[in-house]
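Remarks on the structure that follows.
Chain IDs A, B and C follow the sequence of writing; residue 1 opens each chain.
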Amino acid sequence: MERFPSNPNLPSPQRGNLSNLSRFVQESRPTWPWLGTVFALILLFFVIPDFIASMRPEKQGLIYYQFTQIALLSIAAAGVWLTFYIGRINIGQGALCLVGAYVSAIVQVKLDVSYWLTIPLAGIFCVLVGIVIGWPILRLRGVYFAMITLILTEVAKLVVLNFPIVTNGARGITNIPLPEAVTLFGFTILPEFTADNNRMYFYFLSMFVMVLTFIALFRLVHSRIGRLCKSLQQNEELASSLGVNLVLLRLIPFCISCFMGGVAGALAAGVQHNVGPSIFTVQDSVNYMLYCFMGGLGNLFGPLVGTVILRMGWNYLTAAGDYQLLFYAIALIILMLIIPNGVMSLSPVRIYQRVVGWLGNRRPTLNTVPHNRKS
Amino acid sequence: MEQVVVNGLFSGAQYSLIALGLTLIFGLMNVLNFAHGQMYVLGGLVTYTIVTFGFGFIPPDAFTIFGIDFIFPIALICAGMVLAILGALFEKLLFRTVIRRSKRDESTMLLAAATAFLLDASLLLIFGEKLHSVPDLVDGIISTDLEPVFPAIPFSDSFNLPYYKLLLGVIAFVMILLFVAGMRFTRPGRAMRALAQDRMAAQLMGVNVGRYTMIGFAVGAMLAGMTGGLLLAASGGIQATEGGAKSILAFEMIMLGGAGVTGGAIAGGFILGMMQSVGHSFLGNFTDLVIFAALVVFLSIRPQGLMGKPWG
Amino acid sequence: METILEVNEVSRKFGGLVAVNGVSFTVKKGEILSVIGPNGAGKSTLFKLISSFMPTSSGNVTFRKERISGLAPHIVARKGVVRTFQETTIFRNMTVRETVIVAHHLRSRANLVGYYFGTHLARKDEREFGESADEILAFLNLTAMAHEQASNLPHGHLRALGIAMGLATNPVILLLDEPFAGMNHEETMRAVEMVRSLRDNRGLTVLLVEHDMPAVMKISDRIVVLNFGQKIAEGTPQEIQQNPAVIEAYLGTADESIGI
């Protein structure tokens, strides 16, 4: 997206509806990210909890848990999306999640460190892993990168199974304590998580991290780094001829993606109270990719939208019992045939229009008749 | 050591067949077929079903001629046919549509993953999680129980090779040869090679792209299915859930050899088979980790694999 | 005039084939030097060797007495030796202006962290890049296309976009890869004027690889002729036109007009 206000003195080229509109959105950009954030915060921290509170008490825990999962998965999927932004299809995010979960669990159980510290710690450890692995494999492109990252998840599982002294092998680590309260000068900053309230508190925690993730990602994509990443996505050779350090600029987004994976893993370790070698499998890694694709790779919020749709669908399909995966697969294939470019690719004109209209802006209406799109 | 080499060659031949199918599909359509392992499992289980239950209406000993039971080869061919039809349908109904309609090549990856889920789910529903196996094809064993074959070579020892394994190994080799010959000397084979090299040029030369892409997908799926049948007989059984792991193995092979290249797939299959065989006798559980590390190092030096075109 | 780029005995082998064989020449500051030769003479390979997109088999390239062959392409670009690509190499999904702003990468003073958090320096950089991009686009007559997707641009404008990207990096010497290929006579003459004005107005040194003879004769201060990977002649356009080896190389291999 454009960052600079365009010079009004320059002759205006002929543009179609879409670019007029997107330019309009770009020009009004300084306000709408903030409004969007406030809107999201209100929705996630007041509207949804309020809605859940109106449900039967025994059901509330499960609903909170499902929302928490969506938040965690979308954090990890956001990482996958970011690696796509430099033109790499990453099907190895499950490996980083697994590493993050184990780092958090091991540090808590064996070294007795507070859960709150293990979240960033898991992220940082995953960044180190990302540097070691990413440095050689980021030279690969296209299908090669996809294949090698796919293997990564299996390898992470093998590492866990083969070093039982640290990881407890196939039995996993089952006695992860609930996070304790953090107080500073007598004020309780973070409350104690108990058996009764931990579902709700984990919901707030993971939603908070999710909002933070997407704000950070938004900032990244709209900063110069984002533009450089995009240039890498389009043509690496050309970018390097312009003086872009390819090795560094491939590694930075990949490491950020690993960080997100690690944090998501650490959160999952807390939410589930236990970790085992199969909490993140190859199927999860593939799922992250599916979330990104289904949401739409062209848009930063694609992974979020994709996760919400597919994960909620998956949760609803639990009713189908043994046939869950079958229906899920069929639904995926049908979705794929109808919207091969993802949900966010569906008439951006209308989506922008909605967003702009809702948030109230300088120009109240845009006379763009939505196209009657075939898809 | 001989045992290790024999095991390596044996699994190498099977692996090559899996990799050939995958690389054929990749070369023709630029589709990374995630469902390849699942197709392989499906082939194995179709073979199992026919060998175990026959065709229902035909008496079970109808295929016994001169005292030899031909049910297994017939089952193998049936598995190949089922998979070929499935592959053709997948290509025609799903992949073609998505390739036409999507903005990015990578969308096919999503579709392939979805088909993998579909096959996984159906297989699990139909066959359950238990291990399915068939009796040995023929009895007997080649064995040098007492003495090493080549005493001069260090690590030399005795080895065992059951006849049925030898037979299956030979079948696998013959299938590889047939495939290579088919790609080289038949008209569809030549058309497919042309397609893999330059789609546009092939189209201009009058190759029916749609038809040969479909044939290629079908042949790739067929190879996976027949290999499934072979390995079912060779390896003591197949589980409905092992498809994903097999796909990953196949990916390792074609990365090693170079994606989209026939020779690369064969080389990758044999190298991986040999590495696993050697690794399991020296490194035990760490084999797969070491192989992965070696693969990463190798690919960072030679990103296109052994024989691949750069960024093929 | 000061020599800024020196090509010393550069060779490149592909297996048994010698694509470039012991080529040497120098480029002086502020001149336009063309490398020409029939098809397959090794021009493109030489171009990649000079811009360090391909390692040399032997010999080296120095820029201001500093060896640049063997360095990573982005480091060579950072030193001021910037190449352009042929027209198909663009950032397809970016607008023209965005592309040129990205190409200002080498001029950035803030670091990536600064850009992320939008420090004062970073914002100042971005403002300047925007202004500079507009200026470059105006210079190359691309202003009307500024908000068009790069992939939608017509032929001639793509070429200009390539040069715009090169200019944005603020190069000392600009290497142009077949800048006139696929243009008709009129377009070529306009492009020739443009390249000349780059040198005259911006003090750039230009090295170009080209096979359009009339354009090369018109634009160049000096010409280096390659054939079968070897340098067969070097001199002013007049000298080259009369050089028997050059005439033979061209007439002997193809019925292409030499434009004399």
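Keep in mind that, in the parts below, a residue touches a chain if its C-beta (ideal position, glycine included) is under 8 Å from a C-beta of that chain, and two chains touch if they have at least 3 such contacts.
Computed from a prediction, not measured in an experiment: that's the story for all the values here.
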item: Contact-graph separation of chain B and chain C, given in steps at minimum; value: 2
item: Farthest-lying chain, centroid of Cα atoms versus that of chain C; value: B
item: Distance between the centres, which are taken as Cα means, of chain C and chain B, whole angstrom; value: 49
item: Distance from the mean Cα position of chain C to that of chain A, given in whole angstrom; value: 42
item: Approximate Å spacing (C-alpha centroids) for the pair chain A, chain B; value: 35
item: Chain A residues counted as touching two or more neighbouring chains; value: none
item: Interfacial residue positions of chain B with respect to chain A in the complex; value: 26, 30, 32, 34, 94, 97-98, 101-104, 106-107, 109-111, 113-118, 120-122, 124-125, 244-245, 248, 251-252, 254-255, 259, 285-286, 288-289, 292, 295-297, 299-300, 303-305, 311
item: Chain A residues within the chain B interface of the complex; value: 89, 133, 136-137, 139-144, 146-148, 150-151, 154-155, 158-159, 161-162, 282-283, 286, 289-290, 293-294, 297, 322-326, 328-330, 332-333, 336-337, 340-341, 345, 375
item: Parts of chain A lying in touch with chain C, wherever the complex brings them together; value: 2-4, 6-7, 10-11, 13, 15, 19, 23, 219-220, 223-225, 227-228, 230-231, 234-235, 237-246, 252
item: Chain C residues touching chain A - in the complex, by the definition given at the top; value: 51, 53, 72-74, 77-78, 82-85, 89-95, 97-99, 101-103, 105-106, 108, 112, 115-116, 118, 122, 126-127, 130, 134, 143-148, 165, 168-169
